[in-house]
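Take a look at these structures.
In the two complexes that follow, chain A is the common piece, with chain B as its partner first and chain C second.
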Partner chain A sequence: MTFLNYAPAPESTAILDLRPSYGLFIDGAFVDGHGAPLTTISPATEKPIAEIATADAHDVDLAVAAARRAYDTTWSRMSGADRGKYLFRIARLVQERARELAVAESLDNGKPIKETRDVDVPLVAAWFFYYAGWADKLDYAGLGPSPRSLGVAAQVIPWNFPLLMLAWKIAPALAAGNTVVLKSAESTPLTALLFAEILQQAELPDGVVNILSGAGDTGSLLVNHDDVDKVAFTGSTKVGREIARSTAGTGKKLTLELGGKGANIVFDDAPIDQAIEGIVTGIFFNQGQVCCAGSRLLVQENVHDEVVERLKERLRTLRVGDPLDKNTDVGAINSAAQLKRITELSAVGEDEGADRWSPECALPDAGFWFAPTIFTNVSTSHRIARDEIFGPVLSVLTFRTPDEAITKANNSPYGLSAGIWTDKGSRILAVADKLRAGVVWANTFNRFDPASPFGGYKESGYGREGGRHGLAAYLAPSRADATVRSTVPAVARTQAEPMAAPEPVVETTNEDTK
Partner chain B sequence: MSRLTIPKTYKLYIGGKFPRSESGRVYEVATRGGDFLANAAKASRKDARDAVVAARSAVSGWAGTSGYNRGQVLYRIAELLEGRSAQFVAEIMRVEGASESAAVAQVDKAIDRWVWYAGWSDKYAQVTGSSNPVAGPYFNLSVPEPTGVVAIVAPQGEGSLLGFVGAVAPALVAGNTVIVLASERYPLSAISLSEVLATSDVPGGVVNILTGSPAEITPWLASHADVNALDLVGAGALEWVDLQIAAAETLKRVLPPEEGPDAAAPSLDRIAAFTETKTVWHTKGLL
Partner chain C sequence: MTIDTASAERAVAPAARAIEVVGGDLTEKSLRRYLEGIPGVDAVGLETRASALGTRSIKTTSKAWALDRIIELIDLTTLEGSDTPGKVRSLVAKALVPDAADPSTPRVAAVCVYGDMVPYAVEALGSAHAAGSHTGIQVAAVATAFPSGRASLAVKLADTKDAVAAGADEIDMVIDRGAFLSGRYGEVFDEIVAVKAACERDNGTFAHLKVILETGELNTYDNVRRASWLAILAGGDFIKTSTGKVSPAATLPTTLSMLEVVRDWHRLTGEKIGVKPAGGIRSSKDAIKHLVTVAETVGEDWLTPELFRFGASSLLNDVLLQRQKLRTGAYSGPAYVTVD
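And now, the complex of A and B:
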């Protein structure tokens, strides 16, 4: 036994009290769904967890109607202070049930319990707590006095941070006075349904939040529903583009949080120990299934060999395995489809001539697994340097001057995240100014906070989540809203093309960007 | 015997130069009463694409100026407009058929609007940005930055100078560069304004002005991959939903059409609409 062999320390699933099957959460109650039910599985073992009802067009109608009713009769009339109190209740209930939620999330998503316990779930509580306090302070949100809520918000979230993305969507929507119909991702419906139980415990008025399970076609029905005023989507650029098309001319306010190919830039004076940890966090956090992952490592040429060597050394110590084990650093890939995509793109990387390396690690037989992987000798034209892989795969490129680093970092249709590693403060400021990315981390990576606006430039989407900016995405100035809506002729809605072929609404189906 | 006047050739404004349309096409601009006034250039797809190239190459310079500097450059446009207001009044009277007092009022308002927007260039970032109190040892700041190249369909109705200024000025405040489709029927103010811009301190390529048919040209700009945003404020009579659908291909930021005298009304929202919020996390603890 070497120092790397740890005795297993699995988190017990005894804390979960899961039902064999779950319905849709509509108008405050769990009801039967009329779509074909799906079985959600653990990606680490492929064992079924529960049977989940899905929503068809009729169910979507019912959910939107419930949200509209709740908006008209309850939520839009309630004082901001009272709305805030409900959100505070939710934040506290999430904290109380944090361990249970963390275990359920690891089980359903495949990410390490270390992450759900220390990152996902604490941030969920923080998000509700932060926006709770905004609910009675909307006059200070930057939209002038008495900003108006929008109405019913249709929200579609991905599978990579199921509960956290739910919180990013629901907390600001409710604080601003909107009601919600949220569709969870097909492969990770579980924690949204546990969250529905929390809403019942919080005695949130019926219909204020409705939660649907289902695949991309359900999401398409929801965002294209006529009685929806706001659409918020996190997922692939391909689906985001379809939503932008199908909502064109409808007057629905749209925010899109899409793909990325983040550049993590390491200068030769970088604090090297921290940089290595930051590179690992940047690309192996959540198995790299992160839209803002630092998937392109740009290393200054004179430290390239040292950085790569130390990175390999560090990767040899990463423990890949059971997500519920508290020692695990890298968990399971979320689905067979995602594993296939990562596998294929990595093969393309080899075919195009980049050098592939992974540490030796024993992967479990069942489940979906991919060893942490580094590609060196990558050029900017390689697909692994351009396409979002959405997996634990790092492409290493080099640069000589800051200008070259900036040019390479910006050489992407995406513009979500970037990292800068250097000891020189003035260089951080100058480089950060020139990066066309919505979030820049200097000497850190993959940090999130409810007070901090997050979102992309260019084809990574528009609108911000977090902070005052995130609140504004769910509000309209008191005067302008009526005029904006009235400029939209009724016929315009029918002119908009419906989404052509429903795509799975997940982070990874961006075939078009390959 | 009265002197024969010298009519002006009205041309496009691209990259700080005044080309004719590469297509060689023109269209007639008439007075309110239908009398011939001028042959304006009828821009082509190629002209639009040239304008995008000019606008793109001007982004880094214009966006890189300080807010103070941009404010002075925009203010100088107002100064020059004021000095040439008689020319704009005369053109507006002839093209729009406006009374002298109405034309004077419009020009005055347009000048004042430049001044109003000029003052925002070193202030809007303080109002729309934020310092973010995150729960950790980080200095966390959100600042707005220009979106890049913005294509604008200027308001098409009467009040052509004011509508043009109201649509163009806010996009310039943050450091965007623009390609503007002028009012098809009332293009003279826009063309004369390009002469003001050419002799002001606005760098070539920051403002590019096309005359002709917005219905013909806008689709090329809406689908152009090097255009970052589309302001459809004056596109109400076009198939604007199709334009918005085309813009979705590269996820352009889009503002919808506005109708009536309040179209492109002065507002901070019009500045903010063509900015991107960048959040930077500075680590405090590497002691």
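And now, the complex of A and C:
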């Protein structure tokens, strides 16, 4: 036998107690939706999981009205300490039901169980714990004494980290005293609905969080609803732009977390074995369906061949297959549409003359699968070096000097993430200082922590999520103190703190806040 | 301050591997330059990778195979001041028949004892002694003033020669960590070369040389990596983590780091070097994590006694308990495996 063909180690789905159909979660209860119901499937098998009600305009009205009512009567009047208690309770319930959530997420999204178990769900709990702690300390959020909440937050989240994006959105909103109407992604509604059950378990007051399922039109109804004070969106730059346009001038505060084409820069003195791991984590984590993925590898020319050779060897040990198997490294692509996009862009890469390589790996017949792929001989003008592929496809480019690395890394309409691999601390600081990316990782990649702000430059969006800065997206200075913001010019602030997120400014235009 | 060029230019022993890789005129300086040119290790990244490998889920048939293979890779060890011929005979008996209740249990790779206990181990093994062949149980002897290595070179060489003459198939030597940490790489190198020479038997064959780095005293992964290269360049057949007398002994990140060196050496020269984590691996679970790390770093080819060993004493019984559990479906208990 060969040991490396590990015997199957599937995580049991017995822990799941799914209903055949789910309604909308409005005002603390599951209710029927009036949109055309959708069937959510497992992308690994294309088998249906459950029927999910979707929201039409009337349902959106009901949800926003419930959120408004809860804001006016309960949540905005509650002390921060009490809001914190609910958030702590939610965090603990997430931990208690961690395995169940992890299995559901793998099933519905297609990502490997080891990621949902070891990354997604623990981070969800961490996010709630972190912001629970902030709920009674908002005076120290950097907006002066007694900042006020905004009101009703409309939140629209993507399918790549369904539950984690929900936590990124809901935790700070609730800690700051807002109520929420959240729309989950069309292809991954399941865990948001399990989360709604957790909210019932936590006895969160009715209407504080409302969860709708549906496609883009539902999201559009929600963000354009008149009675919404705040819009938070994570998703594509195209949709982000539409939202920025439609909310402009409405007074709604907006944060956008959009696409990216992250540069992962490997210098010749990098700790080579760890850099290889970082490249793999950067682009194959969650099948590359990560907005901050390190999808452009910039390697110093004198180590290019060695890095590529080692990388190929490492990719041969990646295990592609059943997301619920505990040894799976790379799972299924989330949807047929996404698979089509990845396939098309990869074909373009070949047409443009880049060299395509994938390790030998057998892909299952049913479901949506794409083998880990790297392109070498990629030029900055190639589409695979510019467009966000949002899949397990890495474009390898080279550079000769740090200046060239910085120029090439910044040569993108996006500016969400970047990575630097070098043994030299001074170089990390010098290069990070010049990268136009919201997140710069040094000798690591795709690491997340609730205390660390996350967000983009340029077409990657504006506003920050996570950390103290993430609170600012859901707060305004108290009225008496409203002049505080203008005392320090924006330019001075960003120069003093180049790595930090923007301070709270009114983010209702789609200009780069930096 | 004057630069001591004389000692930097001091020639070191002309070991074949080093000449091939570093270049013809081997000096303290050229050796140092080579070792310091090796890419660094990022400790956080290394430990993250090791813990990720540790989450592999090895079940059913894979687990059964792994448990048997772990037994076949064990250097069953007793290294106590209180060792006696009787204790060594008992250890050998356990090595021959690890589980009296299950004759299908494989035998361990070797018994590992102090040099003066080698004759008793050889005698107790009788016809089961490998004696230079690949079948049967090897006798490994720790040498060179184990575990501290604080003795003159003459004493270390005599220690080694004694053990080889008494029938040891493998010599587990310790490097001079003091010399290594103070940057006298040439001295460490020369000593390994000399011990390797002392491993020669009368008939011209050599006892296998395992070089113990004592990673717990080297302290950083950069040092571990450098010492691994040094030991291989000087002619070691195996690189071994620890004596088991210093804590921390073998850890998964340390073993991973050494396996990466072995992989790189193989890529560079086509030659296969063995790795032996020793000390601190007490459970089947830990041992399986090591197997996974070997298989996914250097490849499955390394999962043979010629290229990978566990230096352990209490690991064997835990593996036997796990084997019994797989066979019967129920956990027994420490009373159902023998103490040696």
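The definition used in the following text is that the second predicted complex is superposed on the first by the 477 of 514 C-alpha atoms of A that agree within 3 Å, B and C clash if a C-alpha of one lies under 4 Å from a C-alpha of the other, contacts with A are read in each partner's own complex, and residues count from 1 in each chain.
One rule holds in what follows: contacts are C-beta pairs under 8 Å (C-beta built on N, C-alpha and C of every residue); 3 or more make two chains touch, one makes a residue touch a chain.
Please read all numbers here as calculations on a predicted model, not as lab measurements.
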- Message: Which partner chains sit in contact with A:48 here, chain B, chain C, both or neither? Use first/second/both/neither.
- Response: neither
- Could you say whether A:237 touches chain B, chain C, both of them, or neither, answering first, second, both or neither? first
- Determine, under the contact definition given at the top, whether A:271 touches first (chain B), second (chain C), both, or neither. both
- Message: Taking the superposition on A as described, I'd like to know which of chain B and chain C A:444 touches: first, second, both or neither.
- Response: both
- When the two structures are overlaid on chain A, which partner does A:432 contact: first (chain B), second (chain C), both, or neither? first
- Quick one: classify A:364 as touching chain B (first), chain C (second), both or neither. neither
- Answer with first, second, both or neither: which of chain B and chain C does A:464 touch in the superposed model? first
- Would you check which partner chain A:7 touches, where first means chain B only, second means chain C only, and both and neither mean what they say? second
- Message: Which partner chains sit in contact with A:317 here, chain B, chain C, both or neither? Use first/second/both/neither.
- Response: second
- Looking at chain A, which partner touches more of its residues: chain C or chain B? B
- Residue overlap on chain A between the chain B interface and the chain C interface 271, 274, 423, 443-444
- Query: Once bound in the complex, which stretches of chain A touch chain C?
  - Reply: 1-9, 114, 118, 269-275, 277-278, 317, 326-327, 423, 443-444
- Message: Quick check on the complex: what are the chain B residues that touch chain A?
- Response: 127-128, 130, 132-136, 138, 140, 142, 147, 228, 236, 240-242, 244-245, 247-251, 253-254, 256-259, 262, 269, 276-283, 286
- What part of chain A is in contact with chain B in the complex they form? 126, 142, 237, 240-242, 244-245, 248-249, 251, 256, 258, 271, 274, 413, 415, 423, 428, 432, 435, 437-444, 447, 449, 451-455, 457-459, 461-462, 464, 467-469, 477, 480, 483-484, 487-488, 492, 495-497
- Item | Residues of chain C that touch chain A when the two form their complex | 39-42, 44-46, 48-49, 55-63, 65-66, 69, 260, 291, 295-296, 300, 303
